[in-house]
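Listed below are the structures to be examined.
Each of the two complexes below includes chain A, the first together with chain B, the second together with chain C.
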Partner chain A sequence: MELRKDYFADVRKDDLHEIGQPRPRLDSPGHVTGKTAYFADRNFPGMLHLKMVRSPHHHARIRSIDTSEAEKHPGVVRVLTAKDVPHNVYTILILIQIGPEDETVLADGKLRWKGEAVVAVLAETERAAQEAAAKVKVDYEVLRAVFDMEEALKPGAPIVNEYHGRNYYLYDSGECRKVRFGDVEAGFAEADHILEQSYQSSPIEHAPTETTGCVVAPEGNDRFTCYTNTQAMFFTLDNTSIILQMPGSKLHFVGGTVGGGFGGKVDVIVEPIAILAAKLTGRPVSFIYSREEEMQISSPRAAERVVIKDGVMKDGRIVARKVTGYTDAGAYSRHSPYGAQKGAAHYPGPYTIPNVWIDTYCVYTNRTPSSAMRGFGVTIGDFALEVQMDKLARLIGMDPLEFRFINAYRDGDMKAHRQPTEGAALIECMQEASRAANWPVAEKYMAMSSYRKGA
Partner chain B sequence: MAIRRGRGVAAINYPTGMNLGGDPTQALVHSTPTGNFMVTLSSVDLGQGMKQIMAQICAETIGVPTDRVIVDTADTDTGPHCMGTFASRGTHRAGNAVIQAAKEARQVMLEVAAEELEVNASDLETDGQGNILVKGAPQKSISIFDVALAAHFKRGRSISGRGMFLIPRSYPEKETGAMKPSTCYAHACTVAEVEVDDETGEVTVLTVKNVFEIGRALNPKMVEQQLVGGSWMGISHALYETTEPYYPNRDHGATDFNQYLMPGPGDLAATEIIVLERPSADGPFGAKGPGEMCANPQIPAVANAVFDAVGVRIDTLPITPERILRALKAQAAG
Partner chain C sequence: MAKVPVQFTLNGSEKAEFIESGTTLLHVLRDKIGDTSPKGGCHQGTCGACSVIIDGELRLSCLTLAETCNGADIRTTAGLAEGGVLHPLQRAFLDAFATQCGFCTPGMIMAAKALLDRTPNPSRDDAVEALSGNICRCTGYEPIIQAVLTAARANSQNAA
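Coming up: the complex of A and B.
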């Protein structure tokens, strides 16, 4: 790594003692010698293991659940179903008044994705819990499922989630989050060229070293200590309090040393059911995802579809950009309505474009619920935007790097969501990339600056 | 049939923090009797090194070496509220809260030192080595060790401080989308060089040159580990990863690391990282949040390089050999 101190030297003082110093991490020796304690290193006498019975279907009604054989299995202590969960229908963003509650802790009557939790089995050993889970008999009536966002938005598509009643999240702005800036149609009319292209992505896995999980210990004073690898302590505690209808003062969460998050540990999934199980059995409980669950059950990054329509002039100026973004939330909201909204604020990218129109949709399908992941709401947008920029440059016969200089935002430029640009540095990054990669651009671009006089 | 070479570029920005219910984080700082400093938080260290950075921020603000700061975090019985570690917000939000708390503690520390030295607190400065000196007369000094002892056992002062950093909620305007979705923005430009085998569709990423502008590199070594890891993750995202390769058929979904495609050490490109620092107006010592941003620009840079190499556009991620071969076949046919 090279620190190029010559850029922005006029706005930076390098006179600090501790900041800017490559101090060795105080926790590294523990990490690399195996001495650091993670949540799963907690082991309590009499600890039970929780395993989930999961839906084999993408969309089905539950006719009946028979747990009698599972309960008789040696080592099984308790079997939990929807009726055991005090506030079974929840949504995590309700804490900040973003509803509706749309997801069940344990499926109640219907399930909406393959892998959804139906019944929780608690046993003395992981193996007994797993074997007993296989003995739970669920009678399903399989329903027609919808797998594609555009199919889901068509009239007559099966409704994925009745709590929404439609296959998209309803914002206060309507069926999508909108950004309107300038007059995009006038921009297209003025443009020398129009280019409309679609981009698509697949769900991907966060792939943390440590899988999602928690260990819960009843404290004997009516409090429960939950050792967890959540990325958000109070967010998880407060949601648990709602789901279990238990005062927050009864809950004590301990975490903070996590083997990788990447956004995969901000959904509140394992803690509420494990604490409930500890409460109902009076025993410590461990609920830790297997690698298979981490990869196929825990929320992945959303599949997205992005349609970009641009109007560009022969001289390289982009005069209009219209973006329609679709985020596949899967069967439940989790954080996806926010991800789609974040996308709306991110487009049209780090470029100053006078006419912009953005619609971003959060769509429900019978897919594994997606949620936050590193770059949430932005990563796939950047893929689409920057491939589109390459195509536009080639369309008008311009060098792709020079084309970006022409459109790059600078201090004071008004963004489409009506915030003035501050602290821009795109131009300087491109100048340095031009040098480092030996990708020469015209001198006038190397002389540009993100600064503007008076800005 | 041949191995064809191409290169591609991408330039991006990335917002720090989130805009949903308001974006708060708190911190507490107090001194022990012998002048070590405890930072209490409920923020989560995901392995990226948050505890280390909070220690350095507290140390810089108080004026002591980093090894005199201890970070106690992520216990809801002791640590004040933090929204969580996500949205590239940890260093920025918690860092600002730690600075505020540490400033308050430092002020008490200087007041106690002033009483001990019989001078005005405003005439004192720290040397960064654990001592408090009279400005212009450095021979008149007292160690922070002695100041803390005096505060605890003689002066009855609590050397402590409270910090709170809140970005208030911004409600997007319904019709125009006017909103303040985040605070400062980090930036990047990446150039990727690839080889594509037009017989097998396989892509080899040869080099990735990343320029990142991150406000301030609070700990350059840790910045490097995060940016290099992010750059690798970007290549992986571009070329390999999917949980559902033949969706909606779920039979081929990976269930372990033998099946889930990610690059191994031999698949990683020569990776170059160059860092620029334009301090942000609102970040701790000018820092921005580069944690997410650093894994993004490689994806389109690789996609554009593949086009440069073989002349087909793969607009669906991941860019697999199968997709490249199908596109080449369509190109040859058309």
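Coming up: the complex of A and C.
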């Protein structure tokens, strides 16, 4: 690897001794010898297996639940329903005051997506739990469902989640997150060209090789040890404490080893119900998603729709940008209000544009709740923005890389959300990319710097 | 339910268990014997994380019934290092940065070992083919392929 030292030579120390050097991973010796302990490698005598009865409908009211046949099934130890959960309605981000609580641990009265957890069955073997789960009888009244974000926002659409009472997350700024900078309409009036395009994405599943799950052991002193592959240890600990109405001192979480996460294991889903099951039965409990559950039940990256309208001058300057972003949260908030908010801050991209207008909506539909995944809230936005940049360059007949040099943010530029740019390196990255990819640009761009003179 | 006796050799040591008929080898290895190096990623024979070597052949332990393994010689990644010295494949995976989350690694190493046992000097295509039944979501495969080829070279140098 070549380390180029001419960039930022005046601000960089030259005593780097890690970058460019191979360093062993601390966890690799365990991986190559099969000794790394993942949560499912814990096995306890008398361990029970938890299987979930899940909604076959996208949107339904529960008229009745009959667990009597399941309870009689050989090997079944306990069947849990909503009434067994001390604080059944929760939301993960309540820990940072992002409410309302809008999701049930086990369905109570209504289901809002296909696959939602209704009844938990605990049995001596996985097979007995599976067979008994199939014997739980739920009488559903199927309701009209909504799957498209723009349909969900129309008047008369079925209300997905009564805890919100409307099919979008209500921010303190109103129905969406808003960024207002300059005068976007004046910018469009001044522009030589205007280009409006829509971009959209489907939900994306992380598909980790290790499925989501946990193993819980009651410790005998009224404490519970939970071996988990969560990526959010303290979110999980604190939310479990709320859901089970148990002080955190009763909960001992062991984790940190995750067989592939990519953001897919930050929700608090399996641990509270497994710990409750261990508490009510006094037995160790294992709750591990099947591959099918991992693909269908665990939160995907949200589907997004991004509408971008740009005003551009013949000389390459973007003078106005208006973005409307929609994030499909599915039936529940989880991390999506935050994801949509991140999008609002991000949409101008790494470009300095004097007039910006951004609205981002977090929308509820009867789809699988979405949540975190590698740069959620900005990754799909970046795809949309950079495709838009290429289209704009083509529209004015300019080289797409030179077009980006003209608009690149530089130190001291004010961003649309009113944070001054600091430590920018986009110009230098593009200069190096131009060399590495043999995509030459005019000498004036190669002479540019992220430092503005006098800044 | 009536139990069935099953007896085999695991990494050179004799094991005997009474199991329920229909139990998978993966379940017996992990939950009865305590060798958790084979992993359950899909339990349907598609991810390769549970790969073991039975009588010299690469097999998916999640699809192998334990009662078919009577008298078999079973090898797993947990038994690969000898006297605390890593096998060349383990060394190569370590050096080539071929592990990230590590969940697929024991299965990858078993698939690679089965390859090197029958083809000591594999081509890149041989390595790709041999690993094609094992899914890795982190590394992008390239470091794993390089590790297998490096281990093969180390083996042939030791043999020379």
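We take it that the second predicted complex is superposed on the first by the 441 of 455 C-alpha atoms of A that agree within 3 Å, B and C clash if a C-alpha of one lies under 4 Å from a C-alpha of the other, contacts with A are read in each partner's own complex, and residues count from 1 in each chain.
In this text, a contact is a pair of C-beta atoms (placed from the backbone, for glycine too) under 8 Å apart; a residue touches a chain by one contact, two chains touch by 3 or more.
What you are looking at is a predicted structure, and each value in this text was computed from that prediction instead of being measured.
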Partner chain(s) touched by A:G259 [first = chain B, second = chain C, both, neither]: both
Which of chain B and chain C A:L16 touches, first, second, both or neither: first
First (chain B), second (chain C), both or neither touched by A:N43: second
Touched chain A residues, chain B compared with chain C: B
Contacts of A:R291 with chain B and chain C, given as first, second, both or neither: both
Chain B versus chain C as contact partner of A:Y7, first or second or both or neither: first
Touching partner for A:Q130 - first (chain B), second (chain C), both, neither: neither
Partner chain(s) touched by A:T324 [first = chain B, second = chain C, both, neither]: neither
Partner chain in contact with A:K35 - chain B first, chain C second, else both or neither: second
Touching partner for A:A207 - first (chain B), second (chain C), both, neither: both
Overlap of the chain B and chain C footprints on chain A, listed as residue numbers: 22, 24-25, 27, 31, 207, 209, 257-262, 291
Touching residues on chain A, where the partner in the complex is chain C: 22, 24-25, 27-38, 40-41, 43, 206-211, 257-262, 290-291
Residue numbers on chain B that touch chain A, as the complex places them: 7-15, 18-22, 42-47, 49, 51-52, 55-57, 59-60, 63, 65-67, 73-77, 79, 81-87, 128, 169, 172, 174-182, 184-185, 187-191, 209, 211-213, 215-224, 227-228, 230, 233, 237, 241-245, 247-248, 250, 253-257, 260, 262, 272-281, 285-286, 291-293, 295-297, 299-301, 303-304, 307, 313, 315-318
Chain A partner contacts - residues on chain C that touch it in the complex: 30-31, 34-44, 46-47, 49, 76-78, 80-81, 86, 89-90, 93-95, 97, 99-106, 109, 135-138
Chain A to chain B touching residues, read off their complex: 1-5, 7-8, 11-12, 16-27, 31, 58, 93, 95-98, 114, 145, 147-148, 172-174, 177-181, 197-205, 207, 209, 230-235, 237, 251-263, 265-266, 291-292, 295-296, 300, 303, 338, 341-342, 344-346, 349-350, 358, 367-368, 372, 374-376, 378-380, 382-387, 389-391, 400-401, 404, 408-409, 416-419, 422-426, 428-430, 432-433, 436-437, 439, 450
